[in-house]
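Below, chain A partners chain B and then partners chain C, in two separate complexes.
Up next is the complex of A and B:
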């Protein structure tokens, strides 16, 4: 009788090749330029797609298995969180503002990234690239969903969570991340990879996720910690895809260098601006803080980013143009942003508040050169106004930056007492900018940015015609519930009452 | 208490201490395993345990799934050994690696020569008549007496040479190199352990080779060049070799002779600090500058092997990359120290 020999198991490498690269084919009844119409117009020259490296060698069958188990674990914890009234375990209800901003401003970005990668999986000709983009598209949609599901428990009890999608589209502070993702999604495939794969996943993810998830852990929010862990196991793959794309472009042709440099300049600055929201959350909204925004940026931005730019210098890439301005903004940005949020608090779907004495002591310790000198006096003044029964509110419509779309509330890089405004005339119209970085981005592609939709302007247009109440309805903001000062809010009262019920016999 | 950790598909075995992670043991032994977060969250360092018991440490439940634990996967950055281990990592198999076993070799110092004011040549005749098998480019640990411990030196001679030659530059204040320069005598008994390292010529690629050497980094390239020429390698070989001044440029005449004898071997010496007006007619400047000029800033199509002080390596890598030669074709001798393993590096490059 013949010996039966067990079939040799395929090695990871062979299996990966069979399930990815070998699935590609050469089109015969259309030429490649017709099949992949967007891959050349950005000017990136590619000579050999086979040189694209796939460091993870993950095949679709294995991918489903991993993600399925992650989902099971995630939803088990989310269910437990709901059943055990996990919402009462957070430090106090001020923490909810951080969650609301995350849900309104960041989670929709994950969804946009999902849409973008689905498109890139179609537009890149290389098979390795297609597979990696496909997986990342599904990851990003999963991230958006798990975040929404995790936070939906809070929506049962608190205000400001219910209309995150409307907020994403129409709220003035959400247009910052929205314009970032809209800009990326309407770019060509290679630029999209720099925007999301490099800027968002490498430069920003650590700053966004690590401090935010640690913040959640410090403040007793298991649901958020869990989606953080569940997402972080995908991030290494995402970061690698972005970096692989940069290496690939730079190695394929020397003509790609200036194009890539320009994108790095642009997307570093756009990313830095986006982080203004996150930094403000870290410095002002976490009842129990992990580290200051400045400390986080020193570790994850300067140290890790610095290491990356040192390595990229071997290709001839220099640090992004806005690097120095970003450094100068470190000690000011979050304070200026929080002041802006506070003075427009009638128009935010979360609560803000005047920092307590204890908070201010912490801020002056973390920002010894700036807080006491420039920002504490303003808070003291605002506090006085409030005590006098005339709380400070800015009812004017702020000048918006045409690029990043936020009010021009930041100061000159070298003078923290002068607001930074830039103007450009283009085709007879005047456009405004918050910084040199945003102005430069506009000047490279004016035709793109003049089409930007700045939703805050809608307040003076028909049919709102300047009616604040109608505007609130339009952005799905419940006046007196979702907005305003934390002190005296329904969220504050309810949390205290429910927590008392849970921890005493009253 | 320590255990043996065998890393497949390399087949290389390294020591792992109680409580030391698999990743740390591998990196310190010069074996690169992919890794990123280093605390059990990102799963970049996932490896298969083929044999032996491990402790999973702090591996996150989302980074290392239950079914993977059952399949014997672990995260190298958190897992510690409870036993001798065999792991399988996603490392490319290297067709040029001979994976020679590491052994102890006793021998005697047959002669010591002054090569330059700062470098001595040391020849060791091994007791074993078959000598030591090694691949040109590899290194040995030399045991020194009096509690000094052992020091690593690249082998400067080719594998076919009867004796093992080491070139030792004196490190100011260095105990080990001080001993070799000042006290070691011909006739002393010594012990070496080796061969170590994964720095050798990728002969199977069949492309022209470029060596860039500076300071005391000449040993490995010299061994590799002598080995290649001896076995009749017929593609272009270029050595760009830099020292501070003419006095330090050891083996200069020998390389001139080799270049005269082998038309496929080109020798490009460069001096960075040679006094102006001296008789030197060769290139003045650093190794990377000499290479850029010699190759007219176009390194495509070759493989480059770099050996020398860290600053020289860094300049050479940047020069090669801007001359269109990239990571997959650049090799450097890596001694990864504990400090290197903790240094903040970007994940952009893996081996350079």
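Up next is the complex of A and C:
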């Protein structure tokens, strides 16, 4: 009889080598340039793909095992949430607006990232890179799916969730993230890695999934915390991939430095603009708040981003060009964005509202140098108009930034009382910009950005011809249900009625 | 020196891991937030497989950390026995 002897297990590094690196092969009937046609045109010089290290050393077998465990945990909680009327446990129905924006603006971005990584896994020649991109492509699809599944439970009860895919394509506030991902997906493979791996994963997802999800927990939203943290458990791997990609490019050849720096400048600013949405959700749409957007940005943007740039200084990398302008915008951006959302609330598939006295007290405590001086008076004016029966709505159409596609609603970096607006003439056409950062991005690649599709312009074109009702139909917005002030909305009434039913026998 | 950090979902799987990290890294500072626990440290943070095994009473694969991991900061180096986060500059 044979003795059972415990087989010697492979060490992590050895296993990674066998299950990853050894999968690569040398093409024989095509040359490498034909097999990987897009890897050189960006100008990045690579001498040795073997130097690409995945520090997690995750192999496919372990990947499936741990991802399956995450999925089982996730769906167990989602079932419990649905079975126990979890939607009635949230602190306040105002919070639903943050979820609607998440579903319309962010979840489709996860899907785009999945498409992008599937492509990059094909286009990068290094095997370590291919495997990491493959895993991330699957992760991103999973994130889009789990978010849609989790939020579909809210769609059974509340307005504004039903047409998130149309909103993603056509809604004016969704074009901010949509254009970010379209820009990344139409870039070369290395730039894509900076856009998603560095800007989106390293800087943005920390802000999106960590304090925001912790905030969701504070607001009793079990479903969102669950998809948020489940997604974020993959993000640690994604950030590491982005960081490794930057290091790899810089270590491979000194000529790569100016190219990488230019991408860091560009994608930091694009990411910062995208954060305007997340910051506004954090400061205004969470009824109970863990921390302000400014505080979160100090930890995850300034401190954590600063640590990265300090570390990359040895390669000659300096902090991104827009860093100082971002610093100046910190105390203004979310207030300006919420005011913009409020004044165009007839055209949003979520509700906005005038902050309560208590909310304003919190905002002035968190933004002591700006809120009382610049923003409280505006909210109070808007409140007076509403009480007088003449609620404020901006029926005009702001100029749209050709780069980030958001209406030009932000102010000059050094003067919070003047709207920031830049113009560039290119081939006889005038293009508008919200900031120096977005103008510079355009000027470096004008032929790319003149092709941008700005869906809001459709309102003045045939067949809509300026008809607001026809535009609402075109963006799948149910007027009087999905849009407008939270106060008096169907969501507010239903939530109150159902919650009362849940706590009484009447 | 810049700060490295690691955050986990606050649950029973994470508790012994967090205990092990705090015991092994005297510079580590615990930051408890709703539904999550974050550990910050100046420069470097080392997670040791053995310390976690002592607490969970079974063999532990450091890749299991990924199930409840929320985020990290710093350069990562992982092998069978340690999971290290560090800013070297």
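Throughout what follows, the second predicted complex is superposed on the first by the 498 of 506 C-alpha atoms of A that agree within 3 Å, B and C clash if a C-alpha of one lies under 4 Å from a C-alpha of the other, contacts with A are read in each partner's own complex, and residues count from 1 in each chain.
One rule holds for everything that comes next: a contact is a pair of C-beta atoms (placed from the backbone, for glycine too) under 8 Å apart; a residue touches a chain by one contact, two chains touch by 3 or more.
What you see is a predicted model, and the numbers here were worked out from it, not measured in a lab.
Superposition of the two complexes onto chain A shows a clash between chain B and chain C.
Judged by the touch definition given at the top, the superposed model places A:254 against chain B, while chain C stays out of reach. Of the two partner chains, both chain B and chain C are touched by A:70. In the superposed pair of complexes, A:243 makes contact with chain B and with chain C alike.
Once the two complexes are overlaid on the shared chain, A:58 sits against chain C while remaining clear of chain B.
Of the two partner chains placed around the shared chain by superposition, neither chain B nor chain C is touched by A:365. Legend: residue contacts after superposition of the two complexes on their common chain; A:315 is shown touching chain B, with no touch to chain C.
Within the superposed three-chain model, A:381 lies out of touch with both chain B and chain C [touch as defined at top].
Touch criterion met: A:217 reaches chain C, while chain B stays clear of it. Within chain A, the residues touched by chain B in the first complex and by chain C in the second are 12, 55, 57, 66, 69-70, 73, 229, 232-233, 235-236, 239-240, 243, 303-304, 306-307, 310-311, 313-314.
Contact residues on chain C toward chain A in their complex (touch as defined above): 2-5, 7, 9, 33-36, 63-64, 66-80, 87-89.
Those residues of chain B lying in contact with chain A across their complex are 34, 36-37, 41-44, 60-63, 65-67, 90, 317-318, 321-322, 324, 326, 344-349.
Residues 12, 55, 57, 65-66, 69-70, 73-74, 229-230, 232-233, 235-236, 239-240, 243, 246-247, 251, 254, 303-304, 306-308, 310-316 of chain A touch chain B in their complex. Within the complex formed with chain C, the chain A residues making contact are 11-13, 55-58, 62, 66, 69-70, 73, 205-206, 209-211, 213-215, 217-218, 225, 229, 232-233, 235-237, 239-240, 243, 290, 303-304, 306-307, 310-311, 313-314.
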